[in-house]
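Next up: the structures, one after another.
Across the two complexes that follow, chain A remains constant while its partner is chain B and subsequently chain C.
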Partner chain A sequence: MEVIAERERTAVETTVMETFAEMAFLDVMPSNSKNEFGTSQGFAVNIAGNERLRCYLDMSIAAKHAVVENIHADAWTELSSEEIDDCLLEILNVLGGTLGRALWGEAVRCKLGFPEVVVMMPGRGDGVHVFDFDAEGEPLTVIMERRG
Partner chain B sequence: MRIDVGIGEFKASRNAGDTLKTYGLGSCIALIIHSKQFGAGGLIHVALPDSSANPAKARTLPCYFADTGIPKVLQYIDCFGARKAFSYRVFGGASILDDNGHFDIGKRNLLTIKRMLWKAGYGIIHEDVGGTVSRTVALDIASGSVAVNYVETNKTKQGVQRA
Partner chain C sequence: MPENGATIMIVDDSSTSRMITKRCFGFALGEQFTFMEATDGANALSQLQDDVVDLIVTDINMPKMDGTTFVWKIRMSDQLKRIPVVVLSSMKNDALKATLRELGVEQFVQKPVSPVKVGEVMEVLGWR
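Here is the complex of A and B:
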């Protein structure tokens, strides 16, 4: 399996922690546990810069609730499914852009695809890099896949 | 008159001659509110983010925790019927890991306070947080200025911020 450089790991972890703190007031920390989400739907975005990456984001339902309710400052039940999806896709969008800058620097033009909802997430051991986090007691995982 | 605010306390004043002061903010956070319009100010010294860790303490000292203390501050502001007339500033939140090394208490305190204010419809206009310094802060009710005293391992520096 491809080994990820320490600098890249730090870039991903810092980006995730800062993005969720700034946007959703959520304390997200790297975790040693291997998060499992069952059949939950995740989100993905393509990032192109010095290389092409696909970034996946998955989290528990409770973590989604926390993110969405914190950003909207409203209860989950008061929000439409479009508002909920937009919110989660937007945070992935910001995550993708910030990650590109953290990995390749300000000078590299980073091109983002449209963030999308995905049902099939890549598994561990599929040549991907998995970053597990703890979002105030709830599991949150970012998966990075290198593409050609 | 100087009014000292201890850990887990919220104090407020409308006397122009008063200064609200709290000492040794490590991972604790001081949320300072002030309104020039009403000549009023307040300071809460929060130690922990979540009262579920100790509900008994939350009942006797609600301002010890962010989730039970911030509503007390908003309740006070509501007495004036004009939340927008107040500014919100935070100090402290130094980076200190909990006993298990699991989370940064200062960061968690700050995020909880920001989240609660945001959900109530308010934003922080100034923050002086994080790092590894201990802060002592004093709010001058008349001007709204906040004096911050920093203590690091071997040195002391001082600065004054104004509303």
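Here is the complex of A and C:
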């Protein structure tokens, strides 16, 4: 597996913590445990700047509930599946844009794809960088894949 | 700000983002606004043929017609070119800001949007 620079690790961790705090009022902290991921629907977005990245977001059902309910200020059961997916995709959209700026700065033209729902996620052994987080007791995982 | 309550058009393909933006305008300005919503630039232009708005708040990264093209089309229209535009996007870089500046857009809010960020921009526009 590639070694990730400390600066890049800090950029990813800071971006994740700040985005979830500001958008979803959720305390998300880097975790030393190795989260399980890929067991349910995840999300992905392409980010292009100095290099091409694909960023995956995975979280437990309970974490999804917390994010969506905090943003909507409404119960999960009151929301449609479209509203729920849109909410989770939007947080990835914000995360992707913020991450591009954190990694490469504002001098680099960063292009963001459209976030999408994915059912297949890369695994830990697939040459990707896995960032494990704890979202108020629930696993939340960000996976960065370099695409040249 | 118009005396009899303003109409704000929010252009964003995410319904969540539109909801958050509306909430932030309410918190920031403490006013009741009439909101119009559009899912992309093309949808917004279609609605603007029939309706008058006082402010446009638009995302950049949208399907069908992105925010930059949308703003360019507004600026090319005699009917619409004087409507103030605020760009709200998760992307922020010098090239995008330069493009928007050429289109006469100085007000840029980076997502995640907050009442504080909205308040600062609206103060510059003289709405607060």
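Everything below uses one rule, namely that the second predicted complex is superposed on the first by the 146 of 148 C-alpha atoms of A that agree within 3 Å, B and C clash if a C-alpha of one lies under 4 Å from a C-alpha of the other, contacts with A are read in each partner's own complex, and residues count from 1 in each chain.
One rule holds for everything that comes next: a residue touches a chain if its C-beta (ideal position, glycine included) is under 8 Å from a C-beta of that chain, and two chains touch if they have at least 3 such contacts.
What you see is a predicted model, and the numbers here were worked out from it, not measured in a lab.
By the document's definition of touching, of the two partners only chain C reaches A:Arg101; chain B does not. Once the two structures are overlaid, the count of chain A residues touched is higher for C than for its counterpart among chain B and chain C. Look at A:Met29: by the touch rule set out above, it reaches chain B but stays clear of chain C.
Contacts of A:Asn70 after superposition: chain B is touched, whereas chain C is not reached.
Touch criterion not met for A:Ile61: it reaches neither chain B nor chain C. By the touch criterion defined above, A:Val117 lies against neither chain B nor chain C after alignment on the C-alpha atoms of chain A. Chain C meets chain A in the complex at residues 14-17, 19-20, 61, 63, 89-97, 110-112, 114. Taken together, the chain A residues at the contact with chain B in this complex read 21, 25-27, 29, 69-70, 73, 134, 136. Looking at the complex, you find that chain A touches chain C at residues 19, 22-23, 71-72, 82-83, 86-87, 89-90, 93-98, 100-101, 106-112, 114.
Only residues 102-104, 107-108, 111-112, 114-115, 118-119, 121 of chain B touch chain A when the two sit together in their complex.
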